[in-house]
Amino acid sequence: MVFVLKPGVSQHNIDHFTQKIESWGFKTFLSTGTEHTVICLIGNTAKIDVDSVVQMNDIVEYGKRVTEPYKAVNRTVHPEDTVVNAGGVPIVNGMFQVIAGPCSVESEEQIIEVARSVKASGATMLRGGAFKPRTSPYAFMGLGEEGLQLLLAAKRETGLPVVTEVMNQTQLPLFDDIDVIQVGARNMQNFDLLREVGRYNKPVLLKRGLANTLEELLMSAEYIMSGGNSQVILCERGIRTFETSTRNTLDLSAVPLLKQKTHLPVIVDPSHAAGIQTLVAPLARAAVAVGADGLMIETHNDPAQALSDGAQSLNLVQFKELMKDLKRRIDFEGKHIGTA
Amino acid sequence: MVFVLKPGVSQHNIDHFTQKIESWGFKTFLSTGTEHTVICLIGNTAKIDVDSVVQMNDIVEYGKRVTEPYKAVNRTVHPEDTVVNAGGVPIVNGMFQVIAGPCSVESEEQIIEVARSVKASGATMLRGGAFKPRTSPYAFMGLGEEGLQLLLAAKRETGLPVVTEVMNQTQLPLFDDIDVIQVGARNMQNFDLLREVGRYNKPVLLKRGLANTLEELLMSAEYIMSGGNSQVILCERGIRTFETSTRNTLDLSAVPLLKQKTHLPVIVDPSHAAGIQTLVAPLARAAVAVGADGLMIETHNDPAQALSDGAQSLNLVQFKELMKDLKRRIDFEGKHIGTA
Amino acid sequence: MVFVLKPGVSQHNIDHFTQKIESWGFKTFLSTGTEHTVICLIGNTAKIDVDSVVQMNDIVEYGKRVTEPYKAVNRTVHPEDTVVNAGGVPIVNGMFQVIAGPCSVESEEQIIEVARSVKASGATMLRGGAFKPRTSPYAFMGLGEEGLQLLLAAKRETGLPVVTEVMNQTQLPLFDDIDVIQVGARNMQNFDLLREVGRYNKPVLLKRGLANTLEELLMSAEYIMSGGNSQVILCERGIRTFETSTRNTLDLSAVPLLKQKTHLPVIVDPSHAAGIQTLVAPLARAAVAVGADGLMIETHNDPAQALSDGAQSLNLVQFKELMKDLKRRIDFEGKHIGTA
Amino acid sequence: MVFVLKPGVSQHNIDHFTQKIESWGFKTFLSTGTEHTVICLIGNTAKIDVDSVVQMNDIVEYGKRVTEPYKAVNRTVHPEDTVVNAGGVPIVNGMFQVIAGPCSVESEEQIIEVARSVKASGATMLRGGAFKPRTSPYAFMGLGEEGLQLLLAAKRETGLPVVTEVMNQTQLPLFDDIDVIQVGARNMQNFDLLREVGRYNKPVLLKRGLANTLEELLMSAEYIMSGGNSQVILCERGIRTFETSTRNTLDLSAVPLLKQKTHLPVIVDPSHAAGIQTLVAPLARAAVAVGADGLMIETHNDPAQALSDGAQSLNLVQFKELMKDLKRRIDFEGKHIGTA
């Protein structure tokens, strides 16, 4: 961390400031220029709020953190790509996995029909919501624990590993047989939940919040990793902007940028980002090309009947056609789908 | 809810669509124009996702919800202003309360010193964080349960009702003696927490999320009210925009707009919005003028030593001066501070 | 345009309102439901501001435009893809053109070296700024008219058609030999300039403004087309969001969405969007996959020496490598580069 | 400007980098710490793009501009408040002016009726659009030159100085008798227009762009002042955010922040920000309290008939009532309206 002092600060004030910093347990290094004096701090500065120091100390012109505030997720600390083992399916650079399934688990018939179909089309994991975050308290909240059981039935039927969303930490004991626990966009900064899934020994799919920066996403992953769980998958799913013609704005720049900064795998959810079914296929193709490690695609056996999020779901035939196309593209990128 | 069909749709398709809607339990009313056919739905449409219906049904040009999706918080349903009783202090239109205190409770001496001072200056409630949401897992997380005890000690000492933040529902039993439970910005759409505080018989201070619309804020309040708890205070605390010279952008338009739409009281937190201490006083003055029912102002006995959020805290002398000014303004507006 | 009236409006008020609308020159069609009365307007509603009508007429609950406000650019009016002839190079669905060159034309040697190199690598058009929009009045503003001459020299040398930015309408006479006139992001709603280039018989490259919706972009294209110039290329170049790790957020969803709504070709500028050189290649690959009709890529002979926008420029070797990769991808998509 | 180098950079590379910087005409000052080497640049760094230098030079960890890039508008350079003389009406800290009038000048009767009425209510300046920026090429564009003449007629009739918007620099000769030239939000970064009005000897009202930062607003003012025209009024009029319940989000924090950073007066336009008539009065009150130097309020003799922006206009009676209230508030702040 570096602080640049204002021009003409007295030696007395500089001494007072450096003593204060040292009282916090840091070493300081001072360099005196003709214009500005610069003070470098040495030590673990993660707990210091730079802005506070600048504004609370009149003699400081500005301050800046030189090193990133995240450690465990940082690629400079851990250069090799992390392999997340999602119920036997590796999510990692070089592979490309496709997670498909409905927004909500609705019935045993539905989830098994979808699971069989997406597996036949080439999906390598199954998704389905049992606990649903809904903006309105009057909307359908999912089947809850029964939904988890139906998902597991579909897993037994097809062998596909399953991913589903947890809404709060008291639900975690119910997730013992689930392969990947999803932390949704609205919970990306539910720090107590992050800490709790960090104590689990199970992969976590962490979705970027609607208004969260990439640094905040990495800090949330850091919460999980600092708890001892290094099996974290990051997911770009669109951010909130002024544009209203799509539900959210898919930020595909996030993929290569995250992969520079962290060793964790990064996947893309084009369905929630766009909110429009006709955009899912082109955005999925773009996600493959931009370097993502996988996709999460909403797929429903009868989107027109779905009361929630039908607008963004592919039907089973559309998904099959998309997979045919995506497999050619995964191959073109020299990547592999599945366990091979 | 109204759906406008595309021009030239066949009668067969119209019949098919209206039958589908009626199968969901709604009455339909059809009006046939020269250009467009319009279908109105009658019934409780809160559970329908308009966009899904439009996109999943080729014959529909667009759809729109005519009535707001929130009921209990809606002023049209409940025209009189709600009075929230915050430990004896009324938060309501016509009154103006000032909540002051530090970002974090740090020690008994600190919180009691701050509480005595802000009370002497005219604050009518005390705030202080015991459980702190922090972006970094390495930052100070608050004193936790001990912090709650210190807050209650300060309450006994000064008589000021206290407000403090809950981070997850398992903590709620610890809040029995707290006067107002705060749901923070990052938890505004933690729906399970909202539902849980809705079962409590205790005022809730609900902060607007950094990227949440006013309608979403009202829907989150609806979660709490639909659980049976009608003691909800809304708090505007700044939204995330492209502007970087302030931490967030305080949206003061939210105050009169919310007060048109709902009967719940609305307060403003200029400290977190601006993130800059010199902006707190002008924004507090603007909040009084724009029609807010109160303010929440971060105040610290020694901001320069605070490791978290010192940059936005007033010191005790600055707060005293601000209160002198605010009292004149509250008086000018014909409002009252305290219990009178 | 449809207006839904509030429940319980008197017949007298309904009559008064419909008479007012008819006095504006529209036919109205009324449908009376049990809950709401709906009024449809027939006629050219482009000049009506829906929000104004709703707010100025107490009896109206809401109003909505049923048809898009743009005509000439609308694909429903003109289903076939427009071919823009950029100095002999066709920009259109099915082809894929790559425009390369430096942010600013700096000297004859520089622009000719860059032009020769990018042509050898496979670029099909040359870009280079002569008039530069700069945030600071003290920054380098480009070589102006001399820059245009140097660009034309590079065109004579290499045969590459050239595209360069116009800053205001008085400069247009200087652009006679330029192949494509660029209207920059900051001028996307400079309506007088749009109208003026609409009177020219020369292709216009219209960049999306930093905070403009896709509908606004289409309306600006409509300005140009309504002046008689149908040779318009749309360009997505990133929008302004809260995210600060990239300069702007490239909105690739815009590409398929625009191509649904309009017949005009759509290209992507990943350089200005990202502002980071290492993101240009992955975003370029994504742009090919998402269905764009071309790319605009900043390329410089010596980025490290460039005082403006060096951070986002590829050097000539990087561009060559990228083109090798892009050609395989264009081929994969079944598209063609150049004039074939 | 300060650059912090990466740890472990060789002396050879440091020398190479400092030589490059010195070749650009700067002096450098080097300070070598145990962790990082820091290089300070001395000289006019306004023309350097910090990000480019950081990204183009592998050895640089980060760079930061220490001094603001604007000079003439900077309060540190010019601490006293600038007085803008708007046709005899002083716009400056300590005074508070109210500019009122219709969105568009529609007829002589209309503008004279409005001018007389707003003058009687206490407005000190008249606004009215003659050249109107409109998103759609089919919308009413204003009466143009005739509109300017009608405004001047209203000025002769009432003595109120007039402000109206210029759309491009070729129109400037028509503005000779206009008191204040408005540069609209969409032209805030029309740099050629800024430069041109900077050569005029006439006050300029510069509106903040919908997606422009405060630093960019100050840089645009710097364009005007660097041309020799120091009579600039800044105007906050709302920014574009994700919130859709108001047209734009009025950023009142901008007022105290701008007044810290610059000596120029700052006014607020609540009408365009909110886009909703019922929000204009509360936001106007907030603007007075937050420390603005004036207001610009859309006022129309018959808002219900206005085809453009009627939704946000006060009628003449509403304006009269608002002025009565505002005068008490201006008085409360110890400020003066008019020429006294």
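Labels A, B, C and D are assigned to the chains in the order they are written; within every chain, residues are numbered from 1.
Methods note: contacts are C-beta pairs under 8 Å (C-beta built on N, C-alpha and C of every residue); 3 or more make two chains touch, one makes a residue touch a chain.
Bear in mind that the values here come from a model prediction, so they are computed numbers and not experimental data.
**Student:** Give me the chains shared as neighbours by chain A and chain B.
**Tutor:** Shared contacts of chain A and chain B: C, D.
**Student:** Does B-D or B-C have more contacting C-beta pairs?
**Tutor:** Of B-D and B-C, it is B-D that has more C-beta pairs in contact.
**Student:** Report the inter-centroid distance (CA atoms only) between chain C and chain D in whole Å.
**Tutor:** 27
**Student:** Averaging over Cα atoms per chain, report the distance between chain B and chain C in Å.
**Tutor:** Between these chains, centre-to-centre, one finds 39 Å.
**Student:** From the C-alpha centre of chain B to that of chain D, how far is it in Å?
**Tutor:** Centre separation, chain B to chain D: 31 Å.
**Student:** Which positions in chain A touch two or more other chains at once?
**Tutor:** 211, 240-242, 244, 276
**Student:** Going by the contact rule set out above, which residues of chain A touch chain B in the complex?
**Tutor:** 24, 44, 46-49, 51-57, 69-70, 133-140, 167-170, 186-187, 189-195, 209-211, 216, 219, 222-223, 226-227, 240, 247, 275-277, 303-304, 306-311
**Student:** If you look only at chain D, which of its residues touch chain B in the complex?
**Tutor:** 211, 213-215, 239, 241-246, 249-253, 255-257, 260, 273-274, 276, 278-279, 282-283, 285-291, 329, 332
**Student:** Can you tell me which positions in chain B touch chain C when the two form their complex?
**Tutor:** Against chain C, chain B makes touches at 2, 4, 29, 31-36, 38, 40, 42, 61-62, 64, 66, 211, 240-242, 244.
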